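Here the chain labels run A, B and C in written order, and each chain numbers its own residues starting at 1.
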């Protein structure tokens, strides 16, 4: 098992009291496997993965367990409550993330090259030149034309789809064991969405990277994920193989979601 | 003074009329610093308005038998007297009248200019907008305080010129803010909906744009008043603002600075009044902004 | 980048033109002539003086002469100090004002930026409340209040610092504090607000998700973006500091340009008031240009537009 999440709970302390965002969520991801987490906005799906990565704001309280296989002889790493230093060595290296809006997820003040190489140099401890070469190779792998020149570009000089490709190239550049994609296609044009999903699938096949795909769209999960977790109101409604979820949904909520998928 | 703030506050509530307005009001009411400031400001305003009627002294009569009296309850000069025996309490209240009046009247001048200018630029858009905002940019980069002094020097020192001169330069911020907000409102779907429903431009501006501007305008009004009071004090401190026998807090501080080593209360008391007033306005402005836009806190 | 700089440079021209025309028209719209004194002047002397200051020429010719003189950076002679040109007075006074203003701005930036960052990082904690309360107080205490109070405390009641004049570095302490405190407060608030906003932006979450050290996240990702509002404040900030130096020079008896300006204004010395307004106008416009170009250089999105 690559990632084993057990009884994960997230509470936010706000002015008007405590808000329970995630209430005892459990799921698992196997090596190289693709798992989808589906639910409407506010169902706690994004908060769950951000909690794993230790990326929630200071007013969040996280409990439960999330064990990540270390990828070497050592036993699994407990992510919840792990020291910041430990988490930082996991982020970007063992587990990478891409986000919903590539417009704002890339730093507008830095060149693409700088943003890609700082990650490579941090985790792979490579020289500047090796990092640049690797960055170009990754950009080519996500089919960005004239990759060498793109390194000098700023994010605003690229199209939305192009930016998300850069995010994917960056996320996979350190060969993580798990890629977490949080609504990776929601902010993009419909025509670009499929290309992005294809790119992810293609690269995953080469690297055997596991995928945790978070989306509100069951249709996206259908094409990508072997297993699906359905979430609502901070809890898991049901989980199983994607086929099972589609053909024999157990929960009424899942049936509602299925009914909402447009059919041609 | 405070009445104006309260009125605007009610206007804002009435204008939005929805839970957002009420929420903002509740958040402001929960802000102890802002409510305390409102109370202090109310007290100062009340004192400035009715104080001169109750005071046994006026602000200009000299009394050479009672010069440089230190503040005391015993001799009847609670704030002491100056080098020609004028009662400082009476002078502080009279000065406060001028300072607050300049602050409010001038802010109203800048409000009218700024809101209409900004709303027109934002709503009309296109080339007109670009041209109008370019003009604001140009005015922005001029050293306006020197210009005001230049005006005062050339056209003589009088209160009306002061209103006009400071008002003419302090509308720029308001125009920028209102224009930005109008642009944002204009692109909202409900404006498009109103247009489709056949509402004319005037009606859209009156029914949809103006009410939605109310919040940001109230915040900027509360932040512009202290700025204007500061400008006036600045000019009066230099001897270029209100002229004797009239006085303002800035003029009193200027007078007091000369007598500082003999009679420190002459500079301390008006300074405290000016600083506390500015502080209260700033606190209320901050509180209002936080109340209307709670994400910042 | 070069095209951007040139475009900004071209943008300065109308601003300068408006500054010059507005001041010229003001002078000529003003009631009374600078030659009107307390006593009536014999017609002959008056005519001579009018000829000397070219007041007898048609308006358009005077305007041409005015533009020509300013193009040569010649602001004419002071009405009051008969033998001194406005240029000489500027040359004597400006370096002094520049030192006081420059140190004040530096003081505001060097203390305000770190203070704002601390307040932002410790948002809604004690340090934040102290910094915010303090800066609100700083904004509310004008320099002409702070100045006299400091003189009382440090020069009258205690003999720690000289009350005025110019001599050693001690003479600069109180003026710089009096002038710089308000901008320190502004910079602190600005820096706090922009740091909080940047810390909330998604690209910072991306940087953290990359496993970068908190130090690198802050220095490389947060700081440059958070400093931008402070950079754009430099333009109006510098103008405000120059304006404020007028008062501070008055309080501390510093022989700077601001003090000349007030004396000239009180004595209705037209040419000197006009000359200093023009000089400061040009300085501020040019400074704004530099800040604009700097901003475009720091924020790649601006120059691209």
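Heads up, the rule we're going with is that a contact is a pair of C-beta atoms (placed from the backbone, for glycine too) under 8 Å apart; a residue touches a chain by one contact, two chains touch by 3 or more.
Given the structure is predicted, the values throughout are model-derived calculations rather than measurements.
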If you tally C-beta pairs in contact for every chain pair, which pair wins? Let me know. B-C
Measuring between Cα centroids, what's the chain most distant from chain B? A
Measure off the straight-line distance from the CA centroid of chain A to the CA centroid of chain C, and report it in whole Å. 50
Hey, how far is the Cα centre of chain A from the one of chain B, in Å? 51
For chain B and chain C, what's the span in angstrom between their mean Cα positions? 23
In their shared complex, at which residues does chain B touch chain C? 134, 137-138, 140-143, 145-147, 149-156, 226, 230, 233-234, 237-240, 250, 253-254, 256-257, 260-261, 264, 267-268, 271, 274-276, 278-279, 282-283, 286, 296-297
Interface residues, chain C side, partner chain A - complex: 201-203, 205-214, 216, 220-221, 224-225, 298-301, 304
In the complex, chain A residues that touch chain C: 53, 55, 84, 87-93, 96-97, 99, 101, 104-110, 118-119, 122-123, 154, 156-157, 167, 170
Contact residues on chain C for chain B in the complex? 14-15, 18-19, 22-23, 26-27, 29-31, 124, 136-137, 139-142, 144-145, 148-149, 151-152, 156, 193, 196, 235-236, 239, 242-243, 246-247, 250-251, 261-262, 265-266, 268, 270, 273-274, 276-277, 280-281, 284-285, 288
